[in-house]
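Both of the next two complexes hold chain A, though its partner changes from chain B to chain C.
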Partner chain A sequence: MLGRPLLRTSYEADMALFPSVTQRVVFALFLLFLVAIPFFAPGTIGESGSLPGPTFLGTSDWLRLLVTLGIYAIGALGLNILTGLAGQVSLGHAFFMAVGAYTAAVFGSPQGPLWGLGLPIWIWLPMAGIVPAILGTLIAPAAVRVRGLYLAVVTLGLVFIGEYLWRNLDFITGGSQSGRTFPALEFRFWQEEEAVLSMTEPATWFGVLNMSPTAKTYLFVLVLTAVMALVAKNLQRTRTGRAFMAIRDRDVAAEVMGVDEFRTKTLAFAISSFYAGIAGALLATFIGRTIPEQWNLNMSVEFIAIILIGGIGTVTGTLLGSAFVIILPRLVADLTQLGERLVREGGTWATILDPLVSTGSGDWGLVNTSAGVAPGLSVDQLNLVIYGVLIIGFLIFEPLGLYGIWLRIRNYWKGWPFTY
Partner chain B sequence: MNGRGQGSPLLEVKDIRLSFKGVKAIDGVSFEVYPGELFAIIGPNGAGKTSIFNCLNQVYRPQEGDILWKGQSIMGLKPNRTAELGIARTFQNIALYPHMTVVENILTGRHIRMDTGWLSNALWLGRARRAEVEHRLRVEEIIDFLEIEQWRKHPVGLLPYGVQKRVELGRALAMDPELLLLDEPVAGMNLEETEDMARFILDIQDELGIAMILVEHDMGLVMDIADRVMVVDFGRRIAIGPPAEVQRNPDVIKAYLGEETGAASDRAQPVG
Partner chain C sequence: MIEAVVFAQAGTSPAGRLLVDFLSLGSIYALLAMGFVIIFKATQVLNFAHGALAALGAFLVASFATVLQVPGRWMPGAPLWLRWTLSVLAALALATIIGMVLERIVIRPMLGEELFAVAIVTLGLDIIIRTITNDFIGTQARPLGDPFGTNVWAIEGFTLIPWTIIAQVATTIVLVALVALFFRSRLGIAMRATAFDQEAARAQGIDVGRVFSISWGIGAFLAGVAGIFLSLFPRRAAGVDQSTAFFAFAAFPAIILGGLDSVVGAVVGGFAVGLAQALATEFLTGISFLGVGFAGVVPYLLMLAVLLIRPYGLFGSEEIRRV
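Presenting the complex of A and B:
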């Protein structure tokens, strides 16, 4: 095998996720990097401080962003199965996420003024996926009868029905005023006092590693995201995924080939809702307290943006898209702040950046950091503009999204220095 | 030759009628297809040939008449059930899945012959893995049979038309059908591609023993390879029999070439 690493001698080798040695090594290194990220934080190791090396991603601020990224990636993987593979455009993702979140709350939170059963995580987290999946299966018969734009409108309706429901089911959701808290990420066998593993308390592992709550949550979400991504990939490359794609590409032909359209679409809804529910539950527990209005259309659109920008119908693309959509606003905000500082300090940079960044009410600029005071767009507004431009741009120029760009770069270097 | 055209009929179509809001697409057509037979349906454009196909796999539901598969009525079944019974088809305007590769496209034909559930697929359990490999083997046999090895990993949307037609035939073959419906398999092909396709069709009949119904406008091909021919016009059967016999039928000649005199007839009226 050493002599010809690209020679495949079995169909199993041909179907492998990472067929070449290089791919396997690079992927393993990348995973290792992801696992190592929280250990770069100052104070992670013993008393003395961090592991030697970069600490750029170690501050808990950035780590929180990465946790959000992982959670969004799980949700986006679900939408990718429904919209990317099975071709059913859904704007109702936020609805199923909310169902997951409130299911988690009912099963996992202790009984208080609001409903709660106080069960451990190994019950409430799976239930947060299963209940939305059942609901998705029940709703699917209404949804599989309509296609394309009409389906988008039907699922859009779900979000609004959901918002109404959550506002009025205040014994579960806490209502619009106060919202409710969600179960903490703690492992218990049953309802015993002391948690086996708590992701809300700092701890010291192996006597040397100081783990902050965020660091532990990060590792937990990382594992979950990896498992969910693997499952999504497995679905895609087997009989189930092919049935989804067949329905997406040519529904009549797929039926004539023996694919049950109704069953397949229902399954896609159920699996997608499962992912959404898990993501919703994790997001809610991570944020800690949410109000019903959080699960709105904006959230659904964010997920559509993730799969469109990342590359529709691909797992890699969905992960890339999640990273992009979650990290971009933070980068925009940071860069705006940096720009503002440079403008205040004066010098060459100030001259260049002055028309772009507004520093106060008297100074005109494209973007400002003090919303409502200075002229120009706020950072949030600028983010919306950037999303919009990116979605339109990708739809027109690169329908395969970031994944498509990656493919082109890869193919260029594959053939380098030849043109093809 | 392996007893083709013998025994009890595989498929019996009994006086089916299909109309769309008053437009009669099929107006009482009956025929039988026997195991291993190569049966051709010809007729002018709009005669109802493709509609007959759509009735056979229940994409359309005829309002009257009956369709029997091995003596059992298939009327009212879902299209995917007819596929499971053993009726496969190709389409006039290629209906492959353009974003999937050749292997994946043909593997979708194996869908009904695989029994792995979504859960074992999602977890890539041993069962799912074995099934994928086992059915991939069958797909490779078909790829070999149709001589499309070199395009194996290409997305079919990017392949030339003639190759796409072959892939579509492969996808239908992957279903291990007993009856194969071929809707204009050589439409738009040049002579060489047509001859290749004719060879594949004859090989399917001889080596695999699959019965076929062929809808085709290429008269030369039909008359050369079909065992029996049915001619339809305006949704009605106007002739049925061996090619040589059908060719001499005066009604057929009339339908294709028009009448010698300018006498008023159904054909002379403008068709809406």
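Presenting the complex of A and C:
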């Protein structure tokens, strides 16, 4: 049906993940590009810059950012299932991520001053999802009883109770002062000395490919994110997913149709917490050492920003939103430094940028690179403000988020040159 | 979250200490909660930005009273208490205007949208106001320059700071004023109608936009008042600092306890949370099993316990579910 992508003649075609050939080809190419990224980032293959390729990803710094992106995407997919599909607003996502991270630490880290069982990754990574899921199931009865805005506040309380717990359970979390380290991403069959596959050491694959630790982690997280996204996407198309959406749209009507409200909401909490736990464990292992205060309200808000900016209720939107929210701070930081340099050099650019960038203690500006010295917001603070503005802006002007913008662009070109 | 709650001065008996802590905390929570409730009762908007507005109000007071000396600089001969009171009034007026402007820019376009969406908008607003206010406050706490200084009053065996008493008076005045507003004035009826159904209210000739504007003005004003007390008593000499905005989150359990749409409930919830926290500070501090900061989470635990028994709080109106 080339040229008539909206003409569907069977139920299977209507439910297909990628209805048209073009979509399939574009997606395959995109996936190939994602897999290829670490290979043409100079410094990861043989001597630096030995293969030609786009250099904007040229530093492993950007590769680290992409790993973080993948991890955040997993967490956001979980929140999207709970908030986007099942319609339950949760501010407690950071709490479940912390539970996942500390579960991973207990199961995966070697026994030391802090608790640790030293088990291999194929135990601690699933456990990092299962334990938060069980906890989510236990909390769900309380959450199901309270509705709407009350639920938002209850989950808010969860974050604060969590912060208190992590501060005080210092035999697990290491306490506020030092925090704790997390198990490394290494594949072992059991507790043998030599890891089968280690994401923390460089290696040479097939004799020619020099893989840096970050590149290996990137590929691992990429596979995991792809699988989790596929599961989330497929969940939408099942009976359970439709039950979630029915509860979201009108819980009473859903119950009348035979959807068990209690069971459905509990399941949504469990699945969402599973995703959050996996994301939390990966994030903690990737960062290496975290303090209990990291899992705070700001982190929950960041995830809400992701699903709102990307487009609530859609997997594509969630992935777009993660990319946006993770890459934005980096761009802001880079642009601020560029602006500061231009202002120091003087000229036309300096006149334009001077009110925006503050370069020293006497110079007023919106943003500065040396926090505490110069007036204006630091880059981190500016990022928070931008999140806030984007959350408000998208809710007012484009509730479907980036995905909605993409839909509008697509529909515009579908009818081009006509407007209908 | 206040880690250690000790408002009572040294030399007070345990019972007196408990009473002073309870009254001080309770009135702060009650004032914060009433600010939440007026906005919710009039517009059905859960205002996550309330804490940020409280910090902003306190910061404005600190700036007007100490740094800018407005309007004190134009009246050099006036006594300190007069200059300070005028600064506070000027700052609160500005806070009210800011609240109304924010409502006009950010909340008004969301009129008629889903309640969740509007609540999340206020969450975005919270981040923006909190970040910018904290940047202005800086790393050091900003003193409010109140005329009482370090004076304490000694009454019948225990000593307390004057602000504890003033906060009780303020809480009572605000409570009476709000109840009168909601149940004895045309505006209050318009507010309740708006909260009940915006479209129906409009059809009855109620200016819903005006109701929104006024309730946000009052909400921001009350947030400012609560912000002043917040920076005056828990850390006496210090003043408003970066954690002030976060403290207001602890008022959420209070409004949930009382029920989101009940003014009396807000006050009862506020004092209940205050009592729980004062008791926890008095009797549970130092028990090694509970660790540090347990008094800080007591409000949330209390909230969870109450919600499990009464999902709409103690005084909240139950959502009627028709099939």
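Everything that follows uses one rule, which is that the second predicted complex is superposed on the first by the 405 of 420 C-alpha atoms of A that agree within 3 Å, B and C clash if a C-alpha of one lies under 4 Å from a C-alpha of the other, contacts with A are read in each partner's own complex, and residues count from 1 in each chain.
Operating definition for what follows: contacts are C-beta pairs under 8 Å (C-beta built on N, C-alpha and C of every residue); 3 or more make two chains touch, one makes a residue touch a chain.
Note that the structure is a prediction, hence the values are computed from the model and not measured.
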Superposed on chain A, are chain B and chain C clashing or fitting side by side? fit
If you stack the two complexes on chain A, which partner ends up touching A:R24: first (chain B), second (chain C), both, or neither? neither
Check whether A:R344 is in contact with chain B, with chain C, with both or with neither, and answer first, second, both or neither. neither
After superposition on the shared chain, which partner residues are touched by A:D260: those of chain B (first), chain C (second), both, or neither? first
Once chain A of both complexes is superposed, is A:A152 in touch with chain B (first), chain C (second), both, or neither? second
Contacts of A:V301 with chain B and chain C, given as first, second, both or neither: second
Scan A:R289 for contacts with chain B and chain C and give back first, second, both or neither. neither
Regarding the shared-chain residue A:V89, is it in contact with chain B (first), chain C (second), both, or neither? second
So, does A:V252 touch the first partner chain B, the second partner chain C, both, or neither? both
Taking the superposition on A as described, I'd like to know which of chain B and chain C A:R410 touches: first, second, both or neither. neither
Closest Cα approach between chain B and chain C after superposing, in Å? 5
Quick check on my understanding: which residues of chain A belong to both its chain B contact set and its chain C contact set? 252, 255-256
Please output the residues of chain A touching chain C within their complex, sorted ascending. 89, 142, 145-150, 152-154, 156-157, 160-161, 164, 167-168, 252, 255-256, 297-298, 301, 304, 308, 372, 376-378, 381, 384-385, 387-392, 395-396, 399
Sort out for me which residues of chain A touch chain B in the complex. 10-12, 14-15, 230-231, 234-235, 237-243, 245-246, 248-250, 252-261, 267, 271, 313
Chain A contact footprint on chain B (complex, rising order): 57, 59, 78-80, 82-84, 88-89, 91, 95-100, 104, 107-112, 114, 116, 118, 121-124, 128-129, 131-133, 136-137, 140, 171, 175
Chain A touches which residues of chain C in the complex? 1, 46, 106, 109-110, 113, 115-117, 119-121, 123-128, 131-132, 134-135, 139, 249-250, 252-253, 255-256, 260, 290-294, 296-297, 300-301, 303-304, 307-308, 311-313, 319, 321-323
